[in-house]
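Take a look at the structures below.
What follows is a pair of complexes built around chain A, which joins chain B in one and chain C in the other.
Right, the complex of A and B next:
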């Protein structure tokens, strides 16, 4: 078997360097075409009629008037009479028409009658949830009663983190055409290879008849894996309209109402510990909602999984609101918040520096040395020892600064991926795989791996992704992409290069295994003067290209990739104690992701994760109204995201030391978006001397917490 | 969105002739940042939009005879960039600077800032200006009201006036000039804003056949505005205070303290003005005025914090003047 191992760290020309993304200019200039930018000839516009009540039953639906409208090409009933609808915004009917205006006007002509049923849309107050809260069985480890009895100190806190949405800048949707026996789909998706089969199944077509293409996606964050009701209906409407393409994208309100949420988590956490800060006992009573299906069971205690005594109770609350979809590191942000806020509260009660409490308890985690090392590095970058003060001892002024820390983990093993590396007789190189670039820099990473392997410059590689006719590659979820595509690309490139070596060895008077590809040449190892330029070497292929496959098997990943990382994030905030406004001063993120393929886009991933966490900590929440059953802020006005002025300084350190690098490539997107939310909560507590229980830490909550302290 | 007629006059006279006597027959389009989104969401329907951006006489900012004249069509960015305003009316410049984003300040107008509709999420969600549920009961008191009024909601208007310039203009004793086909009239800024008593009433004294043409602001008062906002940009204030002081030596001869985003109109805190009258500005007189400003606040279930924010905004606006920063 060929040697697929990564070149030794010191010998890499491209991998691990800071390289700009290949499609950066295309995107920054607006030249890049997203699915929502596509307007092919004969385009029809689709629109959805959605339910106006949080819980209701359709008693009648009449689409005849809409159907009769000029310009309307198709009207489809999604929720026929008798359908029980469990959240406002659920799809009731769809129309396609020759213009968006006609499509929207046609929706108004659809007559639907509803029987309104009682609803519940808020879960923060568990008492009001009644039977809609379903308790999972209590989980017990060790002897928590004895643990608390023997503990030197017991600390109990209440913490809450609300439902937030993905808020993809490009909403969900697609352009799709169903012509005679074939469907062409241009979706905004995280799943180019898989979504075709998903749509084919819904349309009762063979998978071979659905072609999927997507060059760019404007955000997914875990919410864009399947073809969705709107994709399926758009395909049907295309067929009913003689195969004309139909464009159907959600409007912002629908996007924020039904296209997925991160579940909430609320509850009490009680910790027992020894005087030196060692945690011995955990007890938690939590609840969460992810919509009508309930859902959201955070893995607590988070990271500190080996606390010897544990009692855990969790209830899933079903509410009448749009459902859960994976949100960047599903369940981890919540788990981290519940756990690491409790740890900070323990440190405060013990009058200890939380850094010491986290480091001491690193023994309760699966990777004590990684976390201790990262805590040290992050503390240095934050200048923690100099800046930290005991909780609340932040001076007499109005503006109080504070520091907070949190730690996190993620698996991030590579998904199944197959790639073809094609070396053409004219010297051009193409790498083909049915993957997608979520904006993370996947396209660039593939080119880096191929160019590194073939001894070529980055721009010599043509990367072909975003098409399900290319070899299958997994969905981009769970930070699985970089492992999958880097391994498959490496193997395909090595396999193709070996074929090239075999083809040119005779003309260099050497054996194939004596050859190497360096700086655009094929040369004999140790005799660099015996060489051919890359182009001359490829010319020896005659008329036939080399096209070899490389495969990453999730269950048998080999040495190129690995899984399981650690990360530490720290926050420094300044709280205006008169207004309750929390301002970010600085964030520090130290992150392990094994072998770094592209340092620049790796750091970008972490910046992005920090920025999302800052928004979640300070601004974001889906506001539900119990009276109307409606999301009150399904817009970019009151669904607040952080802007440039809100994020402060962000310092990122990727762990690239040998012991990390040796592990192979590991996914990064999720872990980068976990810890900072809790770290900010801890920094606020450190600054103002009192815990603000619920995120986001908005002025109403901060001032209420301050008032509680002085009351 | 309903189809509408678009008119593009170049003179005020033509524009006024195109307006009607009922709201919705015709409406003025200036920057368009608000009315078009209302119409797209079908919260508001108008049969005709009269674009006034091409009417030259509505533009311009100038000083004459000790008063500032601001054309209603001047953009918020022009207001901020005007040297005279920055020097003598920092309160207005600060208020304008807080609006949304450069894009919106470059297209949004002064008149539009005064006439924009409330941002109340029940109103914008289709529950009407006074936000009533299917049973006719008001939604705000029992609902999500963290951004709503803490003053002046007794008449059933729980939203807050979204105008950024309004509080500053009221504090500065500005007059607002309105024109209709039959003539012009001047309204004190304080009387321009009204709390509507029904869903079909308006938040200003403007009539459907009128256009705001210019704003006249007397000079000579020390003035400042302080805003409390969650985000640095693209966000609505949670509370603001605009103050204008007539000084006599080191003491305050008369003072106007006006709160923003806490009531359905800019909220004149008369007690705060009285508290300052005849006194010099010190930490203690400022604190007394700030406390007086929020006397009588009636916070709802979720917005008690806004009382504190309003108090702090007053304190900080006055402190800017005391420290010579405004």
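Right, the complex of A and C next:
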């Protein structure tokens, strides 16, 4: 078997360097075409009619007037009379028309009558959920009762983290055309290879008849894997309109109402510990919702999984609101928040520096040395020892500063991926795989791996992704893409290079296994003067290209990649105790991701993860109205994302030391977005002397906590 | 799959509340949030004429990137939808569609404007500049290059809006002194992927490049 191993760290020309993304200019100059930018000839515009009540039954629906409108090409009833609807915003009907304005006007002509049914849209108060809260069985480890009895100190806290949305800037949707023989789909998707089969199934077509193409996607964060009701209806409308392409993207209100949320988590956590801070006992009673289907169960105690005595109870609450979709590191922010806020409260009670409590308990984690090392590095970058003060001892002024820390982990691993590396007789190189670049820099990473392997400059590689006619590659979820595509690309490139060596060996008077590819040449190892330029070598192929496959199997990943990373994140905040406003001063993120393929885009993932966490900690919350069952803030004025002035200084350190690098490539997108939310909560508590129980830490909640009211 | 198409225009439609009426009714200028605070994005004044047009499509022309484009559009169509749907200028993105996020930023008579929050018909006689007009992938604007260099983009959906806002900001404030200045100047744009660290550096760098370009 060929040697696929990565070149030793010191011998890499491209991997691990800071390289600009290859599609950067195209995107930043506005010329990149996202699915939502496509304007094919004869395009029709689709629009959705959605349910106005959180829980209702359709009693009648009349689309005749809409159908009769000039310019309307198709009207589809999605929820016929008798359909019970479980959340506001659910799809009721769809229209396609020759312009978007006509489609929107036509929606107004659809007459629907509803029987309004009782709803539940809020879950913060578990008592009100009644039978809609389903308790999972209690989980027990060790002897928690004995543990609390023997503990030197017991601390109990209540913590809450709300439902938030993905708020992808490019909304969900697609352009789709259903011609007589095939369907062409141009979706905004994280799943180029898989979404075609999904649509084909819904349309009852052979999977081979759905072609999927996508060059760029304007954000997904876990919410864009399937063809969705709107994709299926758009396809039907295309068929009913003689195969004309239909563009249907959600408007912002619908996007924020039904296109996915992160589940909430609320509950009590009780810790028992020794005087020195060693945790012996965990007890938690939590609940969550992710919409009508209930809610995710966060993996708690998070990271500190080896606490000897544990009792855990969790209830999933079904509410009448748009459903959960994977949200960047599913259930992990919640788990981190419930766990690391409790740890900080324990440290405060013991009058210890939380850094020492986290370090002490690192032995309860699967990777004690990694976390201790990262805690040390992060503390240095934060200047923690100099800045830290015991909780609440932040001076007499009204502006209070505080520090907080949290630690996280994510499994990742590499998804199934196949790649073809094609070396053409004219010297051009193409790498093909049915993957996608979510903005993480996948396209560039593929080129880096191929160029590194073939001894070529980065711009010599043409990366072809975003088409389900290329070899299948997994969906981009769970930080599994970089592992999958870097391994398949590496193997494909090595395999093709071996063929090229075999083809040119005779003309260099050497054996194939004596050759190497260096700096745009094929040369004899140890005799660099015996060489051919890359182009001259490829010319020897005659008329036939080399096209070898490389494969990563999720279950059998080999030595190129691995899984499981650790990270430490710290926050420094300033709280104005008169206004309750929390301002970010500084964040520090120390992150392991194994072998770094592109340092520039890897750092961007961590910056981005931190900034998303800042928004989640300080601004984001889907607010439901108990009376009407509506989302009160399905827009970007009141569903707030952080702006450029909200983030403070951010310092990122990637662990690239040998022991980390040796592990192989590991995904990074999810872990970077986990810890800072809890770290900010801890920093606020450290600053003002009291815990603000519920995220986001908005001024009203901060002031309420300061006044001793529940917040 | 991206060819220019002729807009198909409706003959007669009577919306109950026209978008035009709505926008004028609430006096929604652009730069409703950060931009208004910083003065980098502001409302282009509404056209002065009192003539009634619409609600059906009416012919008019727009001056975009130095070229005149004749369009026939309903008066309720925003500049953003006109650019994207009728002229295939899709660099400006539709994200919030109501003046909050800046993804649709274009430059009108030298000022940053949210294209989703002005009507196309009101832009007659104005000089409209879109991201496509300030550079191409082969000959990028210095701000665009700086965004790439500092990786001030991930998914990139917010990026053309940021580049235009940054350009408009630098045109008026060629010497930003600090990241804080840049934050004030670009407060009217939002990014979900979290690229602000790169944006701050890119804009400061671009300012240097633009100055150098001017002096050269």
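The rule is short, and it goes like this: the second predicted complex is superposed on the first by the 708 of 711 C-alpha atoms of A that agree within 3 Å, B and C clash if a C-alpha of one lies under 4 Å from a C-alpha of the other, contacts with A are read in each partner's own complex, and residues count from 1 in each chain.
Everything that follows uses one rule, which is that a contact is a pair of C-beta atoms (placed from the backbone, for glycine too) under 8 Å apart; a residue touches a chain by one contact, two chains touch by 3 or more.
Computed from a prediction, not measured in an experiment: that's the story for all the values here.
Colleague: Looking at A:27 after the superposition, I want to know if it touches chain B, chain C, both of them or none. Which is it: first, second, both, neither?
Modeller: A:27: touches chain C, not chain B.
Colleague: By the touch definition at the top of the document, which applies to A:528: first (chain B), second (chain C), both, or neither?
Modeller: It touches nothing on chain B or chain C.
Colleague: Just chain B (first), just chain C (second), both, or neither: which does A:633 touch?
Modeller: First partner only, chain B.
Colleague: Touch test for A:625: chain B only (first), chain C only (second), both, or neither?
Modeller: First partner only.
Colleague: What's your read, chain B or chain C touching more residues of chain A?
Modeller: If we count touched residues of chain A for both partners, the winner is C.
Colleague: Just chain B (first), just chain C (second), both, or neither: which does A:207 touch?
Modeller: The answer is neither, since A:207 touches no partner chain.
Colleague: Per the contact definition in the header, classify A:81: touching chain B only (first), chain C only (second), both, or neither.
Modeller: Touch partners of A:81: none, neither chain B nor chain C.
Colleague: Quick check for you: in the superposed arrangement, does A:140 touch first (chain B), second (chain C), both or neither?
Modeller: neither
Colleague: So, does A:579 touch the first partner chain B, the second partner chain C, both, or neither?
Modeller: A:579 sits against chain B, while chain C stays out of touch.
Colleague: Quick check on the superposed pair: does A:645 touch chain B, chain C, both, or neither? Answer first, second, both or neither.
Modeller: A:645 sits against chain B and chain C alike.
Colleague: Shared contact residues on chain A for chain B and chain C?
Modeller: Comparing the two interfaces on chain A, one with chain B and one with chain C, the shared residues are 101, 635, 637, 642-645.
Colleague: Sort out for me which residues of chain B touch chain A in the complex.
Modeller: Its residues touching chain A are 1, 119, 121-122, 124-125, 127, 133, 139, 142-144, 146-147, 228-236, 238, 302-305, 308-309, 312, 315.
Colleague: Chain B touches which residues of chain A in the complex?
Modeller: Touching chain B from chain A are residues 101, 104, 578-581, 618-619, 623-628, 630, 632-633, 635, 637-638, 640, 642-646, 698-700, 703-704.
Colleague: So in the complex, which bits of chain A are touching chain C?
Modeller: Residues in contact with chain C: 20-21, 23-34, 36-43, 45, 70-71, 98-102, 105, 108, 167-171, 175, 184, 186, 213, 216-221, 245, 251-252, 438-441, 600-601, 603-605, 607-612, 635-637, 641-645, 647, 650.
Colleague: In the complex of these two chains, what residues of chain C are touching chain A?
Modeller: 1-5, 7-13, 15-16, 32-34, 74, 76-77, 81, 84-85, 88, 90-98, 100-101, 103, 130-132, 135-137, 140-141, 144-145, 147-149, 151-160, 163, 182-184, 186-187, 189-200
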